[in-house]
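Note that the chains take the letters A, B and C in the order they are written out, and that residue 1 is the start of every chain.
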Amino acid sequence: MPDPILTVDDLAVAYDGAVQALRGVSLRVDTGSVVAVLGSNGAGKTTLLRAISRSLGAVGGAVTAGTIRFQGEDLARRDASWVVRAGLVQAPEGRRIFRDLTVEDNLRAGGYTVRDAVARKEAADRVFDLFPILAERRHQRGGLLSGGQQQMLAMGRALMTSPTLLLLDEPSLGLAPQLVEQIGDIIAQIHAQGTSVLLIEQNAAMGLRVADRAYVLEVGAVAAEGSSAELAATDDIRDRYLGVSVAAPAADAPPAADAPAAPDAPAPPAPAPGAVHLQRSSAADARQLRVADLTVRFGGITALADVSFTVEAGSIHALIGPNGAGKSTCINVLGGAYRATSGTVHYGDQVLSTLPAHRIADLGIARTFQNISLSLDASVEDNLLVGRHRVMRAGTLSQALRLPRARREERAERDAVRRIAALLGIERLLDRSTHTLSYGDRKRVELGRALAAEPTLLLLDEPVAGMTHGESTVMADAIRAVQQELGLSVILVEHDMPFVMGLAERVTVLDFGRCIAEGTPREVQRDPEVLRAYLGTEAAA
Amino acid sequence: MKHRTRTVLAVASCTLALAACSTTDPDAAGTDSGDGGSDVETGAGVTDETIGIGMLTDLSGPFAAGAAVQVAETQGYWDRVNADGGICGRDIELQVQDHGYDPQKAVSLFRSMSSDVIALQQVLGGPTSAAVLPLAQQDGMYLGGHGWASVALEYENAQIPGTTYSVESANAVDYLVDELGLQEGDKIGVVYFVGDFGSDSLAGAQYAAAERGLEIVPVEITPRDTDLSAQVSALQEAGVQGVILGAAPAQLASLAGVMGSLGMDIPIIGNTPTFGPSLLETTAGPTLLENFYTTTSIAPYSSDEPGPQAAAELYEEVAPDGELGWEVPLAYAQGELLRDAIEGACEAGTLTPEGVVTAMRETSDLETQGLFATPLDYTEVTEPPTRTVYVSRADADAPGGLAVVDTFEGPSAASYGFE
Amino acid sequence: MSYLLTQLANGLSYGLVLGLIAVGFVIVFTATGVLNFAHGSVLLAGAYLVAVLQPTVGFWAAAAVGIAGAALLGVLINAVLVRNLAEANPGTAAILMLGVDILLLTELTRRIGNRVIPMGAPWGADRVEFAGVSLPTSRALAALVAVVLFAALWFLFARTRTGVAMRAAAADGDTASLMGIRLSRTGAAGWALAGALAAIAGIFLASFPAPGVAPTVALSAFAAIPAWVLGGFDSVVGAIVGGLVVGVATALAVGYEAELHVLGSGFGEVVPYLVMILVLLVRPSGLFGSKEAVRV
């Protein structure tokens, strides 16, 4: 048995001295192996990585018990800088590249601890070998790279110190299926060059494909461990993390799209949607949304070119496509954040494309963001109440004076917020401060806030990014339930194909700012153009 | 109304005489000013043994250094008065408080102090004294040492030590025409701080220029402007033949330095607060020695009149290493003026704050042995006590850096009207 | 014409010095997230050290001590106050800096008094002439030194390991620390750099045509605040350009005050703020400030 490069023994971590994020976690990474950690959102995966890389302090966490040893050295008294110098580097969740720095400077920042200029140069050459696209774009600002390139940069940056152990936090997050595959190959390649890897992945299929061993983390404790093959064969793991359609997602198993994963999934943690009743405080109906010849340019770059599609009132419509295809740009125009260069957007008989954002909100259009934008210091309940602002009636004055009417309304609002929270399975989190929540839970809170505004059209930007298959199933159920109860239209941008195919009635596929296909999920999945541009070989196989 | 005419320096010179040769019985001086002390009406700040007087000054703010000079001189002055038997049979107790150039703080210090003092010898600073003046007016309390801004002429209780900034500047214009050869139609630059000080200075200069047929080029600055390159270039472009400065030493140094380096060989005349002796060591030194004049109410430190000499001798005794400047004779003169008013109140039998104000306002011809250019007349509230100024020049050899050239009262200064 | 050129040259040189101060604001802000309202008193402390030391040790040695002293003072403020007390909340830190500023300024004012302490720079009140424009030597030198320093800053940030680390830490401190970059080091480096630049600016601001070190020199840091803001809070280039814009606009407004008299006297005083407001109206995040340019 090879020596462990990393051992974690009975580790416990708490946030703000109270919220227990990890309890009694033990794991080991053998020298020269790839270990994956799977688990739902909020299971403590990122916390575990931060504990190992000694960066818990920045987010208010602290190790309360247990030991972490790297190459036999106890890390208890070591800081983040020491750990990096010792050869243990973490590539953080969400890529977190330095957007204003060039690709080259990003890499140089990564190689900060390498004092020898020659060694730095060699490391950079290795990174450029591994990621030729980075060499090509070495003088561009990091922020201008596509999502997949940014992930490569984040990994390349971490490799600049030639680490012996690389920690990767959700490297496939928010990436198109084709790119996920590529990232998996790269991890294998890094491993082949002699670096041990500890990998956190929500995409369990990819995680199990590249890892030798895996651990499943649930509510802060290890629920299962074993070799990747063993775990992949476990029913429970298959159900919760792999999903029934993952192994054969598209072309050869199209029925998966028509028969959503939901019925096969285990009982979702959220209460059954039917038990929760949402009611509009005013009668408002969804209307037809017509996008005609929409073009958006930023400086010389055309982000969208002559895109047209129609979303029928009360339907669910998905926008898919590779990273950088213009999906979020499209959502941003619909929500009023960006201006269309040309073309029109009609919502019913209103022309949206010329309205400012707040007027668009008044029409009953609400959205969530790809990069979550919540008030981190406020409680979940307060974040949701903010969403109610549009439908609250009592004026500021009567609220300030706490007149009976205002008090009545506040009670009613809190009830409404509670119903929404119950629907999304975040009722237990209502009193938590938002910054203590995991990424996936924040996503749910953001969706809740958008729903709180009682929209007639809901714009969702990657609603299940970073969620396990089981979680995204619950999310799909919740969105479908809301959509049916409130009769609203939904436009969603998402890379999770089973999710999209199970939920959407129609799909528009964008590539390089152009509409390359449109139709039902089944039609789109068969489109060779879509397979080439987006779904990749695995789907085509 | 009884107008008193007296020579206030009597006691002080007597004291000097005492120190010098001891020919007079020391007790004589004490009883001289102490008679009738037992049956006077008394008020705030007066007990059977002591008379409290106050000084609200700036020991931690921008004027701390000059304020320290004045505190030292004032303390020495009253120690000497007390050694000579005090006033009205009582010792003078000087209470010094630091307002740090903060009007809020000055007001609260005044509130806490006003019941313990008969008069305020000084509230240093424009904004601070502007805040305290109306309150002191309500309390009928004498308030001195607040500078030379014309606004003080609205207050019966305000004692102006000499004349106003406006009259200083009107005299400056007259002096430029009568003594320094400016002609009708010439232009004079006035570089000034906006506010009670600089704007008053500008008003005097503008009046005098209109009277004498000259043109004023006003340039507004703030205490923050310590590089006056652009302003000087503008003045040069305008073709001015002289500059009047209503600002502070830092601005004078920059003004003179830039003018010198541009070869602008024209006179600069400053109001009282513009000069400090340390300026002569800066790059502006040569230009100042060549072209700088100042029109002041108070005699400069180096004046050889008996009043300023007495002030200088006292200062060398109490603060042998202190900084020299016009603050020394000013503090001494403030002491003299207040002592005269308290003595007058004592004589009138009303040793109260109101009594002190009344005594000041009954003084019509106060001889100050050269501390001021002429005797002072405080009987008209809306008139400055004099309109004559000392004209001095920068002088590297003179202690305090200024040497008297002349006393001067020009026609415009004499006719300048206060609203 | 030569009058205009003279005013322009004055404005450019003053603007470059303002740029040195504004860059200090930017560096401290990006390195530690602090709005450093104590910058003015650090500047004054540096200039004061030079002025009091130069009669005994000579100008150049005094300048070295003053620059190092101001850098050290910045590092101390960061180490003692910013890192320990205020890291969590930028608002608290800004108020704290105001407090530090008042303390330092009071003490320096007490020491300086109403004296004007000459800087004793060897170039004195000399002037240089070129193309019909006459400029004080100290001003021409200030412009030259500022340009050299800006070039050095560019080299530092673009080419050196430390500089790249500082930029990375400024962009995303949490992630930078995962690269082994010590935020305490980059923070201290930022404060030291800002302090040194402030002291250099202070030396020139207190040299001819200014008379010497007086407490008002500290206020010139406030004149650099509009430059900092209009350049965008976090951009070094923006701070330099902002300094030039403010410097030139102020010099022209003062130089042509007579012609601009319809706008009221003392117009030069408000010009920096007017320019700042105009720029912010058109570009709310300043000329070079980073926007939330989110890529899809």
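We take it that a residue touches a chain if its C-beta (ideal position, glycine included) is under 8 Å from a C-beta of that chain, and two chains touch if they have at least 3 such contacts.
Since the model is a prediction, treat every value here as computed from it, not as a measurement.
With centres taken as mean C-alpha coordinates, the chain found closest to the middle of all protein C-alpha atoms is C. The greatest centre-to-centre distance from subunit A, using averaged C-alpha positions, is reached by B. Of all chain pairs, the one linked by the most C-beta contacts is B-C. In terms of their C-alpha centroids, the spacing between subunit A and subunit C amounts to 42 Å.
Averaged C-alpha coordinates give centres for subunit B and subunit C that are 38 Å from one another.
Centre-to-centre, using mean CA coordinates, subunit A is 75 Å away from subunit B.
Touching subunit C in their complex are the following residues of subunit A: 53, 55, 58-59, 79-81, 83-85, 89-92, 96, 98-101, 105-106, 108-113, 143-146, 157-158, 160-161, 303, 323-329, 332, 370-371. On the subunit C side of its complex with subunit A, the touching residues are 158, 161, 164-165, 167-168, 171-182, 290, 293-296. On the side of subunit B, the complex with subunit C involves touching residues 60-66, 68, 194, 217-224, 226-234, 237-238, 248-250, 252-254, 257-258, 260-262, 276, 278-279, 281-284, 323. The residues of subunit C lying in touch with subunit B in their complex are 3, 6-7, 10-11, 14, 106, 109-110, 112-118, 124-127, 134, 136, 139, 205-206, 208-212, 214-217, 219-220, 222-223, 250-251, 254-258, 265-266, 268-269.
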